[in-house]
Every structure is written in C-alpha cells, then in structure tokens.
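One structure is given below, represented as structure tokens, and several questions about it will come after.
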Amino acid sequence: MDIATVIGLVMGMALLIYAVLNGGKFAWFVDYPSMAIVLGGAVAATLISFPMSAVASLRKVIKNAFLVKSRDLGKVIADMVSYAEVARRDGILSLESMTKDIDDEFVVKGIQMAVDGIDPELIEQIMNSELESLADRHARGKSILDAVTKYAPAFGMIGTLFGLVLMLQQMDNPDAIGPGMAVAILTTLYGAITANLFAGPLSDKLAQRSEEEQLLKTIVIRGVMSIQSGDNPRIVEQKLKTFLPPSARDAIEKKAEAE
Amino acid sequence: MDIATVIGLVMGMALLIYAVLNGGKFAWFVDYPSMAIVLGGAVAATLISFPMSAVASLRKVIKNAFLVKSRDLGKVIADMVSYAEVARRDGILSLESMTKDIDDEFVVKGIQMAVDGIDPELIEQIMNSELESLADRHARGKSILDAVTKYAPAFGMIGTLFGLVLMLQQMDNPDAIGPGMAVAILTTLYGAITANLFAGPLSDKLAQRSEEEQLLKTIVIRGVMSIQSGDNPRIVEQKLKTFLPPSARDAIEKKAEAE
Amino acid sequence: MDIATVIGLVMGMALLIYAVLNGGKFAWFVDYPSMAIVLGGAVAATLISFPMSAVASLRKVIKNAFLVKSRDLGKVIADMVSYAEVARRDGILSLESMTKDIDDEFVVKGIQMAVDGIDPELIEQIMNSELESLADRHARGKSILDAVTKYAPAFGMIGTLFGLVLMLQQMDNPDAIGPGMAVAILTTLYGAITANLFAGPLSDKLAQRSEEEQLLKTIVIRGVMSIQSGDNPRIVEQKLKTFLPPSARDAIEKKAEAE
Amino acid sequence: MDIATVIGLVMGMALLIYAVLNGGKFAWFVDYPSMAIVLGGAVAATLISFPMSAVASLRKVIKNAFLVKSRDLGKVIADMVSYAEVARRDGILSLESMTKDIDDEFVVKGIQMAVDGIDPELIEQIMNSELESLADRHARGKSILDAVTKYAPAFGMIGTLFGLVLMLQQMDNPDAIGPGMAVAILTTLYGAITANLFAGPLSDKLAQRSEEEQLLKTIVIRGVMSIQSGDNPRIVEQKLKTFLPPSARDAIEKKAEAE
Amino acid sequence: MDIATVIGLVMGMALLIYAVLNGGKFAWFVDYPSMAIVLGGAVAATLISFPMSAVASLRKVIKNAFLVKSRDLGKVIADMVSYAEVARRDGILSLESMTKDIDDEFVVKGIQMAVDGIDPELIEQIMNSELESLADRHARGKSILDAVTKYAPAFGMIGTLFGLVLMLQQMDNPDAIGPGMAVAILTTLYGAITANLFAGPLSDKLAQRSEEEQLLKTIVIRGVMSIQSGDNPRIVEQKLKTFLPPSARDAIEKKAEAE
C-alpha cells in the first residue's frame, strides 16, 4: 500500500480519536443508527446511480489500486531490456524458461504470446484490450468514490434533519435537548468524515494510481512488441525511456553512466 | 427493472422508515402541506423551465429506462449472426417467418424492411432516426430529472422559511415552538430526500441506461445492414463484436471456443 | 404564452398562497421594505453588470419569447412548399398578392425581396442578419435573467443580515424578537422565490424558445432562397424537412401519406 | 461613466441607506474595525494572489473603463471614412493638420505614423501591440475584481467568527449579547455587499467595456491601414462596417439613405 | 520574496492580531487541539490524495517560488545578447571564462554545453527536459495547495461538529456553554483563515510565478541556441524580444534608443 495513504489514514484516524477523547467520552461519538443512515444512504444512492456490476467491482479496484505496490518504472524498463538481450542473443524461445521467475502476470502473458509466435498485431490487440479494461475499471471505481463523496454528506444532513425533528417534537424534558441535539449532529459529522477523510482523497489517489498503472502497462506492451520484432536492446531502451518523465529519465541515465 | 436500482431504492426507503421509527412517531414526519410545497414547487419550476411535450414524455422515458430489462449484448449479437446464417443459407425472404418469434420490435422492423427490399440507405436512415429520437428523449428526461434535483431542495428551503415565519409570528405559546419548528424543517428534509435518494441518482442511472440502449440499437442497425448486404455470418460477428468492451468480447470468445 | 409556463406559474403562485394561508395571515408575509431590498438590490446589481441598452431590451425579449405562440414547424414548411408551388406554376410575381394573407412579417419580408428581384446573396445576408440580431437579443436577455437568479438570493441574504442587526440591537422587548426575526427572514424568502420560481426557470425556457425561433427563421430563410431560385416544390419540401427532428419528420410523412 | 452603472450604484446605495434607517440607527451599522477586517482581508488575500504591478494598475483600469465615455462606433467609422476622403482628395499629408482636432490619441498616433510614411507593417504591429496591452490590463483588472468578489465574503465570515468567539467568551452580561452578536454579523454583511453590489457587478461590466474598447481600437487600426494604403472611402466604409453587429449596421445604412 | 506577497501576508496577520485584541484576549483564540485537528486533518487528507514524492517536494517548490527573486526579463535578454556579442567577436570558447560571473545555474549549464561543443539538438533536449520538470513540480505544488484550500475548511467544520457534540453532552453547567461553543467555533475559524489567507492565495501566486519562471527559462534556452549557432547579436535580440509582452518590449526599445 502506498506509504502516503497509510500515513494519511493513520494520522486522520488518530486525530479523530484524539478529538473524541479530548474532553469527551467515546460513547458520545458512536451512534450506530446514525452510522446506518449515513453509510446506508450513501450506498443506496450509489446503487441507484450505477449498474450492479460497477459497484461489485469496486472492492477489487480499491484493493488492487492501494495494496499492489507501486513499481519502479526504471526497474521495469531494465527488465524489458534484459529480456530483449536474451532474446537477441539466444533466440526468442529461450525466454520461455525465464517466465517462471517473472512476477508480473501481464509481462508473462505478453512474452508467452511472443514465444508462441502469435501474430504481433493480435498480441498488441489482446494486451491493449487488457489495458483498456483496466482503465475502464479504474474510471468506474473513481466515479463510484465520487458519488460516495457527494452522497455521504447529503445523507449526513438528512440524518441531522431527522434528529432535529425528533428532538423538537420532544421538548418536554429540557435535559434531553442537549444530548438529542448532539446525536442529531453526529450524522453530519459522519458524512463530513466519510467524504473528506476517505472517499474524496481516495478518489484522487485512485486517479493517480490508475495513471501510473496504465503507464506501466503501456511500457510493457511497447517492450514486448520490440522484443517480438527482434529490436536491438539499446533501441528497446531508447524507445521505452521516452515514456518516462524527464527527471526519471535523468536518474536512469546517471545510473547507466555509473555502471 | 435494474436490480441495483431496486436494491438501492428499497434500502433507502427502509433506512428512512428506520430513521423515523428510531425513537419517533410516523406522524411527526408526515405533513401533507409540506409535501405539497416541495413536490409542487419542484414540479412548477420544472414546468416553467421545459416545454410541455418534454415534461409529458418523462413518465414514458423513466418507465422504459427502468422497467425494460437490460439486454445481454452477446445474446443480441448471437441472434443477429443466426439471422445472417439463415439469410445466407435460405435467402433473405426466409427471415420473414422468423420475425414472429422476435421480441424486439426494432429488430423486427429492421428485418422486415430488409425482407421488403427497401433501399439500404433508406433502411439505415429510418433506423438511425429512431435511434436519434431515443437519445433525444433520454437526454431531455435526464435534464428534467436534473431540474428536479435542483429545485426540490430549493423549495424545501422556501418551505422551511415559510414555516419559520409562521412559528416566529406565534411565539406566545412556548409549547408550540418545538413542534412548529419541527414541521418547518420537514420541507428541507423532503427536498433533500427527493434530490439525493430519487431524482439525482435516477438521473445518473438514466444516462447509463441510455448509453446501453443506444449501443444495443447501434448493434442491431449494423447487423441488419450486414444481413441485408448478404455478408458472411462470420464477418457479421466480427463487425458487431467491435462494439463490445474488451472484457465482454473475451467472454464471447471463450464461449465460442468452448463450443 | 406557452401552456407549461402558464401552468407552472399559476401552480407556483397557488402553492405560495396556500403556504401563506396554511395557518398564517397574509400580512405576516408581505413586507414592502423587504421587497424593495431584494428586488431593488437585484435590479441595481444587474444594472451595474450590463449596459443600459441590454437591460432596456429585456422587457421586449421576455414578451416576445413568452407571449408569441409557439409555431408548428410542419405547418411552416407546408406553407413554404405551397408558396413554391404557386411561384413555379404562376411565376414568382404572383406571390405578391399572397403576402397580404401571411401573418409572419419575416416571411413577408423575404418573399417581397424575392418578388422585387433583389440579388439572392443580399436577401440571404439581410435575413441572416435579422436571425443573428434575434439570437443576440435572446442571449443577452438570458444572461440578464441569470444575473437576477444570482443576485436576488444574495440581496435576500443581505436584507436578512440587516434585519438581524436591527433585531439584535433592540432586544429589550422580548415580545418583539419573534416578529422581528420573522421580518428579517422574509428577504431571504423573497430572494429564494424570485430565483427558483421566476428568474431561473424563465431563463431556461428562454433558451429553449430561442432555439425554436432560430430554427423557424432558418427554415424560412432556406425556403425563401429555394423559392427564389425556382426549385421544384418537392425538393423544397425535402430540403426543409432535414431541419426537423426525426419524430416530427415522421409525423409529416404520415400526414402526407394519408392525403 | 456608463449611465446604467451610475443608476445601479446610486440605487444600491440608496437601498442600503433606506434599509439602515428603516427602523434603525446609522451607528448600528457602522463599525470601523469590522470594515477593516473585511476590506483589509480581501486586499491582503488579493495582494498575495497577484503580483504588485497588476494590483497597482487596477485603479487606472477601473478609472479608464468606467469614466471614459462609451463611444458611438458609427461615429468613429464616419470619422475614419472622412479622413479617407481627405487623404484621397488632397493627399495623405493633408491629414496632418487635421490631427489637432481629433480627441482620440490612438487615432492621432495611427494617422501621424501613416503621414510620417512609416512602414505599414510596423504601423499595424505598433497599434496591435497597444491593443494587446489594453486587453491584458483589462483581463488582469477583471481577475483582481473576481478575487475581491471571492475573498470579501470569506473575510466577512472570518470576522463574524471572531465576533462570535468574543461574544461567547463574555456571556456574563446578558444585555451585551444582542449588540455583540449584531456587531459580529456586520462583517458578513459588509462582505456580502462588497461582493454583490460592487466587485462582482463591476467585474462583469469591465468585461463588456473591454470588448467594446477592443472593437473600437480594432476598427481604428483597420481604418488607418486602409487610409494608409489609399483605399477608396466607400471601400473603407464597407470594410469597417463588417465589425458592427447587424442592428447597428442597419442603423447606419438607414441614416446614409436618409442623407 | 515577492513584495506583494510579503505585504499581503503581513497585512493579513496584522489584521488577525488586531481582530483578536480588539476587545478580546489572545488566549481565547489560541487552542492547540483545534489547530491540530484543522492542520492535521488537511495534511492527512492531502497525504491520502497525493503520492509521497509530490508532498515531499512541496516545501522546495514553495521556497523556490516565493524566495527566489523575480528577475527582470529585459536584463536577462540584455545579458544573452552580450554573451552573443562576445561569442561572435572572440569565438564561443571565450564564453567559458565568463560563466564564473553568472549567477543563474541554468544559463551557466547551457553556455557550458555550447562551449563543450555538445550537439545542439541534445542541448535543447536537456534544457527543455529541465523546463518540463520545473513546470511539473510547480503544477503538482499548486494542486497540493488547492487540496489544502479544500480540506482545511472541511476539517474546520468537522472540528466544530466535534466541539458542538462535546458542548451539547455537557449542558449541566450553563456557564461552560459559551466558552465551549467559542472553542468549537475556533476550528472553523482556523480552517477559513488557512484557506483564504494562506493556501488559496499562495496557489494563485504560485501559478503566476510558474509562468514567469517558464518564460524566463524559455528565453534562456532560445538564447543559448542562438549563441551556439553563431547568430548575429541583433538577431538574437529580435528573437528573444518576441517573448516579451508588448509593454515590456516598448520599455526596452526606449532604453535602447536612449543609449
């Protein structure tokens, strides 16, 4: 999981706990019916907004996007170049034995197709089709998180309005007004936290992780196509490095010079 | 009706009922004048914003979009391919007898025109004209739902302001202040629920159903044109599958291989 | 006047009256100084935002857009086709006697220029110039209504702040607090009603009426140009019908077949 | 100064005075510390947002945009045409003596350059450079007014929060609560007035005055270039009139016919 | 540091201190837990939204953008022209001794590469790559400041909701209600100040400083390329001045004429 996400979430949670215990009791801030209204309402509105299949894939999207470790693009390029060297030196079939040691299934699938002598156009089409699926899944995941960011505070307000009506209808007991009002406010609080500490920031990070992943897959596709066509490893490297931002390109060059 | 919509609506309604009964009485949350102001106001503003014909067609648009079952595009393509096979084997006229068993009127109309030997350009024009009408109707339906999403909370606030003035002008009886305020708040509550549980999410889903329907109709049009021109069924299949997203394309291919 | 606009306005006004009388007195909701602040403020801000000429033309734009009856485009096309028939059968000069019976001055002006033998390019230029003026006037009218939609609630809030200060500075008499607060709220109420029942929805409808009017004038221009160049009436009809949305095109075709 | 701006500002100020005196005292609404917070805060935020040079030029932009009288474009075109007649009849050098009677320095500068026989391309470049500078200054002026429109209400809210804290910390004296709250509200009131009666509407009008001024300068540039190249005055008129909106074009034509 | 930024920040801080001391005590407005919630929450949400590397570079971006003095573009152009004169008179190698006196490392690097006889295309590529990195870093810095502008007020509201719940749950002691509420409001106040006096305006200025810096670097790149290719110093000047806004161009020309 991305270290900044972990730090941010831990820090945010710690702050909330600190805010609760800073002069108050835990029980004052935990109200299960209020949670049900905010989260349930946001989920209900999201279910009405999106087809079932999109919502169902959200869990997987989030898991992949946040738990899969960010990969070093320079390392990926170096790997692709080394495969190109093997293919050029010992023939493309010699790559088959190497695929067992490769972690990334997408790379394995691409190299396997190249080894199997599948038509290059078809290889590219199949790999691009996976890239498109990935981008689609991420975009849909992001728009679901955006819907939660929008509907959680809305149902927070709805819950508070419910609580206010309840409180206002039972003003006989003055002692109950304060706590009644406190509970009414909790849904707004839950809605604001859901939107501003979870759904909103996660949606932003998902967009950035998606770009990273797509760049990675694009580099792999370019690499496999170059290997398949028997390009010189130096040319493979040149081609792949054009996908990197300038600063990353410099870093690789320096490392290369140091070698 | 789309299963996610049903679940979302049922879940949302259940939550509202739960919120009401969670320490309160049903009567506290039901106020017909308040409902009249919110819904009536939103309808009035919408009527002023749109021509009558657009508003009148809303009911039909919603019914079609939500009650008509989502169709399996792979199945539609398979059907079109099987018609192409019949047309190629037994001649296009033999399709006439098959139209009795086809549910989708749009497909029947297209095939009937092909069987009748109507000029291909005219067939395409007539079918595209229906596709455009459908997209227009859906877009107008969506913009009406968007207007309701905007005006329901606005009239909720207007209703609450009315209620506040009423309450503030009659502060002689302290016991009436609480309930008076509670009733005033109800319009804001109704407005928020209308926008966030009904009109807003339904507008989003309508946009997605519309895209689905247009994709379906586009596939049917392409299919009928291919059948009419006597294309090889395999080519018909290739052409139609280009309209599918990559994941769906894979699913069909796997099924085809399994056969 | 557009029937939906009438129904919407009547319905909205009826709701407001109902909301007032529903447990209150008319006098509680009518405060002339409050009206002066909201409407005066919105007008003042609009005058500062736009040149005088634009504001002055607003009344005429609204009158034209809402009182002029929506025209049946199919009827307009049928008329243009019948003029084309007369021109082709009896010569273009014979149209001169017909212009007395035509209501639409724009059509009369166009036909008169064609009869007078004015250069076609010049006819088109003059008619297009009127079309552009119309679109300009409508767009400016819409942006003024949009300014009112924005500034009426703003001055509603400003008025309420004034009222709150007045009330808070005179808290000696507890009995006056309620009514003072009630009056303070009225400006916010007026601002919300002005924006959500009048200026906002009327701005939307003006945009739609403008599109309709421009389509109508475009059809007339095309028609006059066709008549002037002596086109076959059937071709005139074909040309003009391409401007209609598909559903309207079908309706005309069915009528034509029925004849 | 534009008459609508004057009327709007006078009307707005009159409304504010009326709102103050309508049952209150002037002193209740004037609080210099509150003014300092709202205006000072908006100015501080604007200074941080823009470079010094942009802020420094604002006063000049506003003065030029609002105090310089709007010019009659038809009159400007007629003037340019008359210079073209003189230049064609008596030679371009004879224009030199006329420049003393011309008010607009931009016209004088352009004609002087034409008289001096400066290369046409250079004349155009120099004049266009002034036009660009003007548009730049106006655009920057507008974005500064937009920043004030955004930050004045923000610091109004900040001031009110300060006032609320002050009031809440000194609740011992119940009589001071009302006036304390009243003063706290004043900053929000000042912020709303600054944004909705001054900065916001002036920003809109500045945009419109800028367009007018640029159109005027464009016409002058075109005119000077035509005079310099010795165009026929009738052709100069034709060329310049293409810059006018259709309605203004008609007005000139009618006047010409009447002569 | 940009003088307007300094004045704006000092003025804003002075206003806040004035607002605090204007009838209150410093201690009423300083609450460390409240600060922790607002700033901590904004930082946590920002960390979740962005990758670690982007957040880590923010400090450097802000330091560079605000502490590095704005440079006079006319001076930069004059310097580049003088280097071009030296290179043309004494040969490009003679520039090597001059680089010791040049402050701007980017200029030194460019000239050094030209002196070293590196391929012009490569020089341009390397310098452009630094320009792109700079623009990227600034854009990321700006989007982080924008996130703080969005999340600081959000956590201000969350903190106030926490405070309200605390206060409402402990209403036994009426004397504590006022101060409790005052503390609850502080987080909203901190959030508003963070967004409207710091993060928001700084984000705007960063965008403008970034444009300035990019223009400067672009001029240097053009200049080095011209020097490398041995252009006439007058032509170098002409080329570089096209990057200046018209007003700045005039200023240089006047200075040149005066010499």
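Order of writing sets the labels: A, B, C, D and E. Residues in every chain begin at 1.
Assume a contact is a pair of C-beta atoms (placed from the backbone, for glycine too) under 8 Å apart; a residue touches a chain by one contact, two chains touch by 3 or more.
Note that this is a predicted model, so its numbers are computed, not measured.
Visitor: Going by the contact rule set out at the top, which chains touch both chain A and chain B?
Guide: none
Visitor: Which rotation angle, from 0 to 180°, best lines up the CA atoms of chain A with chain D, given as a multiple of 5?
Guide: Angle of the fitting rotation, chain A to chain D: 145 degrees.
Visitor: At what distance in angstrom does the C-alpha mean of chain D lie from that of chain C?
Guide: A distance of 30 Å separates the two centres.
Visitor: Which integer distance in Å separates the CA centroid of chain B from that of chain E?
Guide: 48
Visitor: Name the residues of chain E that each touch 2 or more other chains.
Guide: None at all.
Visitor: In graph terms, with chains as vertices and touches as edges, which category applies: line, ring, star, complete, or other?
Guide: ring
Visitor: Show me the residue ranges of chain B that touch chain A in the complex, using the header's touch definition.
Guide: 2-5, 7-9, 11-12, 15, 18-20, 22-25, 28-29, 70, 177-179, 181-182, 185-186, 188-189, 192-193, 195-197, 200-202, 204-205, 208, 245-247, 249-250
Visitor: So in the complex, which bits of chain A are touching chain B?
Guide: 33, 36-37, 40-41, 43-52, 55, 129-130, 132-133, 136, 147, 151, 154-155, 157-159, 161-162, 164-166, 168-171
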